[in-house]
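All chains are identified by letter, namely A, B, C and D, in their written order; residue positions are counted from 1 within each chain.
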Amino acid sequence: MHDHSKSSPLKTYFMVWGALLLGTFLTYEAALIDLGPFNPVVALAIATTKALLVALFFMHLKNASERLLKLVVASTIFFLMILLFLTMTDYISRPWTIAS
Amino acid sequence: MAGNVDALYIFLLILSGMMTLLIFTALVYFAARYRHRKGVLAEQIEGSTPLELTWTIIPLGVFMVIFAWGAVVYFQQRTPPRDATEVYVVGKQWMWKLEHAEGQREINSLHVPVGRDVKLILTSQDVIHSFSIPEFRIKQDVVPGRYTVAWFRATKPGSYHLFCTQYCGTEHSGMIGTIEVMEPAQYEAWMSGGSTGPLSASGERIFAELGCATCHRSDSQGRGPNLQGMFGKPVQLEDGRIVTADENYLRESILDPGSKVVRGFKPVMPTFQGLVSEEQLNALVAYVKSLSPPSAPGAKNAAMSAPQSGPGQGNQVQ
Amino acid sequence: MSDSQAVVPTSSHDDIHNPALLHHFATEEQQKDASNLGMWIFLATEVMFFGGLFCAYLIYRHWYFGDFGAASKSIDALLGGINTAVLICSSLTVVLAIWAAQTSRRAIMLVMLALTMLFGLTFLGIKGKEYKDKFEEHHVPGATFSFEKVPIPGHPDQYANPQHAQIFFALYFVMTGLHALHMVVGLGIFSWLFWAAWKGRFTPEYYTPLEIGGLYWHFVDIVWIYLFPLLYLIDRHP
Amino acid sequence: MATATVPAVEREDYLNKEYGIASWLLTTDHKRIALLYLISITFFFFIGGFFALLIRLELLTPAGDLVQADTYNKLFTMHGQVMVFFFLIPSIPAVLGNFLIPLMVGAKDLAFPRINLLSWYIYIIAGIMMMHCMLTGGVDTGWTFYTPFSTAFSNTKVIEAGLAIFVAGFSSILTGLNFVVTIHRMRAPGLTWSRLPLFVWAHYATSIIQILGTPVIAITLVLVVAERALHLGIFDPKLGGDPLLFQHLFWFYSHPAVYIMILPSMGVVTEIIPCFSRKRVFGYMFVALSSIAIAVFGFLVWAHHMFVAGISVYAALVFSILSYAVAVPSAVKVFNWTATLYKGSIYYNAPMLYAFGFVGLFTVGGLTGLFLAALGIDMHVHDTYFIIAHFHYIMVGGALMGYLGGMHFWWPKISGRLYPEGWARLAALIVFIGFNLTFFPQFILGYLGMPRRYWQYPAQYQVLNVLSTAGATVLAVGYLLPMMYFLWSMRYGKPASDNPWRAAGLEWTVQSPPTTFNFPEQPVVTWEAYNYDEIDKNYQEEAQVVG
């Protein structure tokens, strides 16, 4: 069923491990620099790349045989985004008065 | 106001009545017409995509029409006219306390003249209630810690039901009242008796008592921003945001001054959380609003219609 | 969505087949895929479970950014960073344990599993210390909570509103507490895995429980990867 | 519908395979777990129904004279909680779904049989917690637990009720998880997605909601319990919290939850109508995809419960337009059911009567939903009896009718016996009449403005309330009948053949009741779904041969 041997070589694991540690260090340092409104954006970007690294390599999502697992992950993220952003539509637009 | 809600309701009633009739007659007719008969086999029909598309697109189109109409009615219900007389309503577990701008206080009843727009500024002392007058087709939840707004114009004299429609505890069904709509003459007669002076006057008194005047002075040397004519105008904040100075902004600035500090001023104002009751808060807000004359352009776009945000706190019951 | 359908069992029932193959599955392949899919769907429920908390956090951060910044500054970000590194190392040891099982290196597998549990315990230890500091500083929401005269980062003259700070700490304790609870459950799973590995249950053909345990552990690590920047580093720049 | 050969010798099946308490309480056979669920949800159904009758009796008179205000508040709260979380959500998925999905996909059992039993035990633990909470004081916050009343002002057992529903949620998650993995991984060879029965499609969609929605209410209840116990202030405005955030998180699950309740019934009806009109379902792929569309769109619309709660005008617009989008797939389904009848050969057995009832009442329920999605009208009718009538038309008129139809349709397969057809048709009629008499007056009451959850109400509403109470008693009788004749048929019913309705579907190819491992050998599917033309042709050929 699986295209190549289940266990990817150790090299990939250690490279991903290094990248994750680097990501943590970067998150910590980036928070100390004043980037104005971009601070949370950078923090979330680094966190998302780290999460993707763990999911793709450590959780063997990358060489998963068929697309079903990827679909499950994608739809979960989609529904999480619905919860976060649709609720935010209310909280962002509350102070707006009707410009009549 | 009730008219256009009813119009939409009648339209929807007819539309869904027709649809129900259509489905019911189709069911009964098919059931009778294609009853099982010996030897007659059913004719297999796979389905037809064009038919499916038609009864997907057409309902969607009809729904969008209903949505638009509903939204228009909604906007009318949510935009109080500017020159409406204001009544401050405080929901408390199992009674409604109402205060006219002219100072009259009422419990579970509201006297209004015929034909005048009445803007209700609603808040609650404890749990969520809901201010609902079925005959006027209006309903607005009353959220503790915040102002919400509703408005109506009574067209026919009489006495109408007032209900609390958001479950609020044991006497939820007892939290009812009446709206007395009176001829202007009767209203004036009723108004003359029992008034302790306009709300803004008692607001001024509280303003002085609590020492607000020491910082908020009419000249501009005071440590607090000058409140003359600021109501309804946009305010530049310390962190650069622009906020409209509406009732919720005033309430929040009194109870949690640190959250929206005006640019150029230091956040030295102490919080009045717990020192000011709901009624005193209403009076202070009425007073500050009276400082900017209604005809002033500022008040124009202050139509605090949408229920405002602002995480202001309720405060301890006096 | 093409996906594997049940394969007609070519071999009859009496062939030598894996004792762990449950009766209602046709082949080991089907059973492995089923448990994999089942685990990923369980992780979906966990994502939504934490999602509700992240939604509450997002809203209150939007409303009370200054107070959240002040409260977040009072937490030791260095400890949080070390904890993140600890969890990342534990993820590595989990993956190495699975690799060892695939290549039937029993000793390494057992060492890696033990290391994973060790990292998990150090994480809880550091977390315990953090909670102790919070307890001493009276930052635990409730009666003993006090957060007076703490300036908002960037506005030295303005003090944070203690009630809003209490909301931050409420969210902080609920989120990290729930995460720690998941960590404890993870340690339970891995101690069972260690016992099963010790018993020699896992072979290159059958190591599904390890894979499932690994997926769960990595998920707990991913949650922390998001918790760390959002809770610890809200407004750290000078 | 003549029944074919009747089994002479006593055959082994999942019921008589083994006896004794342990064989039932420790079973991993999906069919036995389905029966365990059947007994437990029927128990809760009659408790919820009892509360409903008490409420209706109280509302006979404008003054509150039957029970005290507090008791009345507890009555409608527990009626809501028991019916929603302990009957409607588990009813069809846990009973019919558990029993039929492995049979329909050609599998020996669900993917995780032990987790299936665990799901039942979690349900029972939650049930015991709920019963204890009810017997020792109950809770009076309404099934919606709105804060700050539930967290700061109610002095009833909110924590216990919250934890009971928190636990019940996991039972629903595990059922959903089991179904998705079974449908993906354990289909018989040849059973492609376009040959799956639409009952299975509907349960696939329901499981998506159960998996992705239930955890959010679990965490919300954890926050409510935490805030009530520790005064955290997340939802308490006095401490800076926002009560509307609770409503957002609560309705994010609770609106998709109503689709958990209705989608399985749609699946049942989509099985019954083709079988009793001997015809393929009209537009198979459209009906299948509309189930998925309802599941996905169902997550986008929750704030139409909060139009008057104080959300911003613009958010209300967004959610109103999305609420209209979610109404379209339901409309497509109703049109397809009606089109299936066209040129069919229709039999009027009890399941078909329930299916007719379902389509009719669900149409009315769905259309009144359009009223509520219109912002202008919701301002007027929110939190009135119009809303109560709307959701009872969908829950009782839709979900319950579908459940009863499904129970009648698959009863021969579940019990191996035929139910008495005459009584069943009478019961269907009584339920239909009793239902309409109970809930149609409430639409009128709603538009007149009678608020919901009122212990006493102004006298002008009394006549309609009396009508509604009369209907409730008729409805109660209507619900007792099926339980009686189902139990009666267990002993005295005529033994059922493998396929008494000559229905399509793998579950009808095995003996009834089926053996523990369902299929003697792995079935291979080569025919399309709902191939009633082939079935009827074969039946006619057999009839000539036997003739």
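Criterion: a contact is a pair of C-beta atoms (placed from the backbone, for glycine too) under 8 Å apart; a residue touches a chain by one contact, two chains touch by 3 or more.
Note that this is a predicted model, so its numbers are computed, not measured.
S.K.: Select the chain whose centre, defined as the mean of its C-alpha atoms, is least distant from the mean of all protein C-alpha atoms.
M.R.: D
S.K.: Where's the contact count highest, between which chains?
M.R.: Highest contact count among chain pairs: B-D.
S.K.: At what distance in angstrom does the C-alpha mean of subunit D lie from that of subunit B?
M.R.: Once rounded, the distance between the two centres reads 36 Å.
S.K.: Can you work out the whole-Å distance between the CA centroids of subunit A and subunit C?
M.R.: Going by mean C-alpha positions, subunit A sits 15 Å from subunit C.
S.K.: What whole-number Å value describes the gap between the mean CA coordinates of subunit B and subunit C?
M.R.: Centre separation, subunit B to subunit C: 44 Å.
S.K.: For subunit D, write out the residues touching at least two other chains, lowest number first.
M.R.: Within subunit D, residues 184, 212, 216, 239-240, 242, 244-245, 248, 252, 311-314 contact more than one other chain.
S.K.: Check each residue of subunit A and list the ones that touch at least two other chains.
M.R.: In subunit A, 68, 75-76, 79, 83, 87, 91, 93-94, 96, 98 touch at least two other chains.
S.K.: Would you mind listing the residues of subunit B that make contact with two or more other chains?
M.R.: 75, 78, 305-307, 309, 311, 313
S.K.: Classify the chain contact graph as line, ring, star, complete or other.
M.R.: Complete.
S.K.: Given the complex with subunit D, which residues does subunit C contribute to the contact?
M.R.: Listed in rising order, the residues are 1, 3-9, 23-26, 30, 33-34, 37-38, 41-42, 44-46, 48-53, 55-56, 59-60, 63-64, 141-142, 161, 163-164, 166-167, 170-171, 174.
S.K.: Tell me, which parts of subunit A touch subunit C in their complex?
M.R.: Residues 1, 6-7, 10, 13-14, 17, 20-21, 24-25, 27-28, 31-35, 39, 43-44, 46-47, 50-51, 54-55, 57-60, 65-69, 71-73, 75-77, 79-80, 83-84, 87-88, 91-92 of subunit A touch subunit C in their complex.
S.K.: Using the touch definition up top, name the residues of subunit B that touch subunit C in the complex.
M.R.: Of all residues in subunit B, those touching subunit C are 238, 256, 258-259, 261, 266-267, 271, 309, 311, 313.
S.K.: Which subunit B residues qualify as touching subunit D in the complex?
M.R.: By the definition above, subunit B touches subunit D via 4-5, 8-9, 12, 16, 19-20, 23-24, 26-27, 30-31, 34-37, 40-49, 51-52, 55-56, 59-60, 63-64, 66-67, 69-78, 93, 126-128, 130, 132, 134-135, 137-141, 143-146, 148, 161, 163-174, 176, 305-307, 309, 311, 313-316.
S.K.: State the interface residues of subunit D toward subunit A in the complex, per the touch definition above.
M.R.: For this pair, the touching residues of subunit D are 184, 208, 212, 216, 244-245, 248, 252, 299-300, 303, 311-315, 318-319.
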